[in-house]
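Labels A, B, C, D and E are assigned to the chains in the order they are written; within every chain, residues are numbered from 1.
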Amino acid sequence: QGLAAEPLRVAVAANFRGTLQQITDEFEQQSGYRVTLSSGSTGVLYAQILHGAPFDLFFAADAASVQELAAKGARATSGRPFCYARGSLVLAGGNGDLAQLSDPTLSMSIANPVTAPYGAAAMAVLARREFAAGSNRKLVRGANVVQALQFWRGGGTDLALLPRALAPDATPIPQSWHQPLDQLAIALTSPTANPALASYLNWIRSDTVRTLIFDAGYKPCP
Amino acid sequence: MSAAELDAIQLTIALATITTALLLILGTPLAWWLSRKNASWPALVEALVAMPLILPPTVLGFYLLLLFAPDTALGVAWEKLTGTQLAFSFSALVIGSVIYSLPFVVQPLQAAFQRVPEDLLKVAATLGASPLDQFRSIVLPLTRRSFVTAASLGFAHTVGEFGVVLMIGGNIPGETRVLSVALYDYVESLQFAEAHRLAGGLVVFSLALLYLLYRRDRRHSWRVQA
Amino acid sequence: MSAAELDAIQLTIALATITTALLLILGTPLAWWLSRKNASWPALVEALVAMPLILPPTVLGFYLLLLFAPDTALGVAWEKLTGTQLAFSFSALVIGSVIYSLPFVVQPLQAAFQRVPEDLLKVAATLGASPLDQFRSIVLPLTRRSFVTAASLGFAHTVGEFGVVLMIGGNIPGETRVLSVALYDYVESLQFAEAHRLAGGLVVFSLALLYLLYRRDRRHSWRVQA
Amino acid sequence: MPDRGITAIYGPSGSGKSTLLDCIAGLRRPETGGMVRFRDQTWLAPQRFVPPWQRRVAYVFQDSRLFPHLNVQQNLDYADTRRGTVGGASMQQVIHWLELEGLLQHTPAVLSAGQKQRVAIGRALLSSPQLLLLDEPLANLDHNASQQCLAYLQQLAGELELPMLYVSHDIEEVSQLADHLVLLEHGALVDQGPMLDLCGRLDTQLSREEQAAAIVLGSIGQHDPEYGLTELLVEGQTLQIASRDSPVGARRRLRIPARDVSVCLNKPEDSSILNIIPVTLTQMKTDGDARVLLRLALGGQHLLARITRRSADRLGIQVGDRLFAQIKSAALLMESSDHHE
Amino acid sequence: MPDRGITAIYGPSGSGKSTLLDCIAGLRRPETGGMVRFRDQTWLAPQRFVPPWQRRVAYVFQDSRLFPHLNVQQNLDYADTRRGTVGGASMQQVIHWLELEGLLQHTPAVLSAGQKQRVAIGRALLSSPQLLLLDEPLANLDHNASQQCLAYLQQLAGELELPMLYVSHDIEEVSQLADHLVLLEHGALVDQGPMLDLCGRLDTQLSREEQAAAIVLGSIGQHDPEYGLTELLVEGQTLQIASRDSPVGARRRLRIPARDVSVCLNKPEDSSILNIIPVTLTQMKTDGDARVLLRLALGGQHLLARITRRSADRLGIQVGDRLFAQIKSAALLMESSDHHE
């Protein structure tokens, strides 16, 4: 196989990095291609891609930024956006009862609803009429889901609304309570010119990887 | 300008002002002590003061968060004393900012104090000035320029800091959501127009403020003679 | 320690060293110029130098990114000149760090230069020392302490900085993924044990380094006489 | 050392004069320990150290050390607002004495060296200390200005009963001003005692100086307003000195430099030298290659005369001879008050 | 001003002496413009300003201004490595002359004021300038040390042909050293000219000084080794002065302070005063209340004598009288070489 001197460069939203690392390690072993992962928040990666970041592939934590990239077409966004995972929310902490969401004495950490889809989803959950009693709770916003997790684990919030990937054992929130949390990816360079990219894209869509993603706490894409 | 932005601006000014005041109150005696000790172990204190510079803000914030949590000694003591939780409070922001910006205040002051001519302090002593009086009447005016530097570095850095603040503050609107965090939110959520507007305002305002400050300082300058 | 960590450490040391060297090379004449001008418009330059402090690092990074992008004048010129892209390169990190850390170098140096007794420079001039020679033989040794301060602030801040670096560097392993970013990655991917280890190593190492530096500096101190 | 009057500290450069003052002011601790006491206060003892700001000692440093961030007026105010006792010279007085009127708004950087020193003296006086230390305060002043300063210092020492320690290597200044003398060399005390005793002896450090001089004590006699002269009665003899308004009968000191005194065997009658008095030669000492120093008794007091060895031989003078001392009248201007005896 | 020899700048404190030197060194630009030229170099003109480091002028400042971060040896080296010309005093010579051997490893902070000043002089000499500016360099030195320095400076001026501008308010120092004199007051030139001319006149600033003195020029006559005396022939008269090893016939200057000269109508025979010479009274001027200053012609040269008005009246002297001037021999020690006439 023609081993490219240049490694394949993959940009990945920070919260998916761990999972993608596993996936990529296996790909590197099997294919012999080199892949480097660059993580950051989705917003940062988006801005970087818009301004010439040398990435071949972009795994976002949301749908909007990828769709916007595709729409802008500012770069050679080849191919269409595709969903690689669908997230779901869980309630961590407390006694596991969803009724706690209406208790104003329990503090809560979520991801920033302005920047993180999981944060927006969490807000949608909290805004439900049945939890209106808890609207005076202390609500702490982490910059991203990881910080929301840290606030709950180390910083002393009682509860947290997190992606299931971060807290697999916590109480699931019904999917219908919020917008679907599809996570989209998009190729930024042409797979036809880069055999490594083509091979990697195939690998991502393989069943092995689907299982890996599912095991990591995500639901399959529709 | 939105109400949320006004909130953030107000909070930022309060945080930076209180932090700068505390920095000067704590940093001045520390810098003085460091500048007058000739032993070598205070070098360890100097190195410790510089530590917050080395750690990336989020990492520093993470450790501070661990320190401030309600189940730590500090968290428990704070809750006993004030009845409120320390983590995610404005007080936590202040403490974090003070720790984070301490080197910016201590280092310039220490360097300045070290260059205050000992001879002038001796004269003041023979004229009946106690050490505190000497400090107030000789050292302070002679090092005014460095106080301006230290205070402006400390203030600016507190305004600009966001890693630590984000981590220990929890981005609570009206309580711990300061301007830098608001700005960060705009960039992260791809609202670039809003980001430009806020950043532009911040830059113009601080530029004007610093310009006036530095110009005033230049007017009152004097020179040491050998 | 993993190969990736070693890469990051090596990159960090290279970045901080080059940045500090550049900061001293650029900051020294700038600080000297600012310290000797008595007009009031250089106060504007002073305020400009302090600007990077005010903007949150990611925001500053964002604007630098806009500046460095391949389709801007700077990006195009750079590509013409070097044949490589500026954004997301090590060079971009260096430029960004220099801009970001400039106030930490310029401000202490300026304050120090301002306190160099003019009289001593006059003596040196009558002994045949040209201005450059005066600077080298009188000003530099007299302000050595402030150079230590400036260099250590600049170095430490470059090591600790990550918002700007993450934004304009793009977290590319072996190229722009420095220690602070690696640390961030560990935290983000919940590898807290690795994060603690790396942060602990960083703290111990820098503490030892700064301690030795400051202790050495204390040994060679002298005092101005009035 | 006496705690009253003016004590001069005299010694070559590097002999430890400034160091001694530093120790007295508490700015430096003697390495070998030691004691410093002032009146009923112990300032330094093995277990005791009174910090300088509690000693109420004002110090005029060899370099003037004005505060560079304050102008002249503010430098003076600095001391004035921290004055130890209520008495002492007032701001107006000090400004007037030292002629600082025109300088008040200047910053130290633009002052000439002499002006700086005057401001430093003024600043020290305004702190109204219980002891004044002066380290060559007049080194940068011209002759007239330093004469004027000396007169004011003397007046202060008298009126305010402010004891002073005065470091100088100008022996004229010293003997004009001081009541008591401390001689230092290589950091050690060589000699000390009342000015009058030390000056009249041939065996001290002082007599070896080019400017050796004796000091005699007399009382004011008649004034001669026509010629501006005053009589000073010393041991029954009359010396004519330039008038100052001293009351008749007042005791005054007179410094007579050895180089201004010559001797002759008979009293010359047609000389312009006014003061020719009979003395007895009590001691002779060769002084260098060409000269001898004579000690001449005038009643209980002594004069010094420095003449060439050749003259001594030519006149054939011997110890015990009765001679006439001629004192160049112009030299007699340095009359100084003598409150402290 | 002459570009050779030693020019003294004399004036009261604050009269602008230091300011003048600053302008010459290029450290300050005169506000009103002006010109500074040295030999064939123009240092300051309306369109020209030579920066100080190109003027090769060494400057001993009134405050010594040693570099605080360098020890004594390094301070000297600083000048030595930047010396203008190849010639000039060597490091060994300077250290020896100024007795700096024991101080080389000291930092300026621990030196006494006099020691600092000696180092500053040494540093200036080592830069081997084409012009040496000295601003009261001896103010903090004791009599012996300053005499020694003066001698070396004079030697330097002669041997190295190094012109000097010497600021001082000590007229003895000035007249001992200088060939040329510049009198300043309130920032303006009052008088200037060769030392000898200015000193012998009654109408100058100088004659009003307490230490007014005339300077006479003579040639060395016989030595008298037994008594350590040397004859100096001045206008046909013989003066006895203390020996120095000057070759017979050499021209020498002699400073004779007015206060050391008295007059009498007849020549006294039994006085210890060796030098009694016939003179003619050419001018009389009252000097203050009690005294008169006499100008005495000695051939083409002049002496000054200061006597009391009473003596003048008693002796009834008048302009034109032939008198005898008595010169106190001890005063004659201040002989100085005179290479530059």
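Everything below uses one rule, namely that a contact is a pair of C-beta atoms (placed from the backbone, for glycine too) under 8 Å apart; a residue touches a chain by one contact, two chains touch by 3 or more.
Small disclaimer: the values here were computed from a predicted structure and weren't measured.
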Most distant chain from chain D by Cα centroid: A
Chain copies touching (chain D, chain E) - same or different residues, decided at half shared: same
Centre-to-centre distance between chain D and chain B (centres being mean Cα positions), rounded to whole Å: 57
Gap in Å, rounded to a whole number, between the CA centres of chain B and chain A: 36
Approximate Å spacing (C-alpha centroids) for the pair chain C, chain D: 61
For chain A, residues contacting two or more additional chains: 44, 47, 150
Per-residue overlap in chain D, given as positions that touch at least 2 other chains: 63, 65, 68
Residue list for chain B, restricted to those that touch at least two other chains: 62, 119-120, 123, 184, 187-188, 223-226
Residue numbers on chain B that touch chain C, as the complex places them: 38, 40, 42-44, 46-48, 50-59, 62-63, 103-104, 107-108, 110-112, 114-120, 123, 145-146, 149, 152-153, 156-157, 159-163, 180-181, 183-184, 187-188, 195, 199, 202-203, 206-207, 210-211, 213-215, 217-219, 221, 223-226
Partner chain B, residues of chain A touching it in the complex: 41-44, 46-47, 64-65, 68, 107, 109, 112, 114-115, 138-143, 147, 150-151, 154-157
Of chain B, residues touching chain D in the complex: 119-120, 122-131, 133-134, 137-138, 141-142, 222-225
Chain E residues touching chain D - in the complex, by the definition given at the top: 11-14, 17-18, 62-63, 112-115, 118, 136, 139-145, 147, 169-171, 209-211, 224, 227-229, 240, 242-243, 258-260, 262-266, 268, 270-274, 288-291, 305-313, 315, 317, 326, 328-331, 333
Footprint of chain C on chain E - complex, ascending: 25-27, 51-53, 55-59, 61, 63, 65, 67-70, 78-79, 82-84, 107-109, 123-124, 127, 133
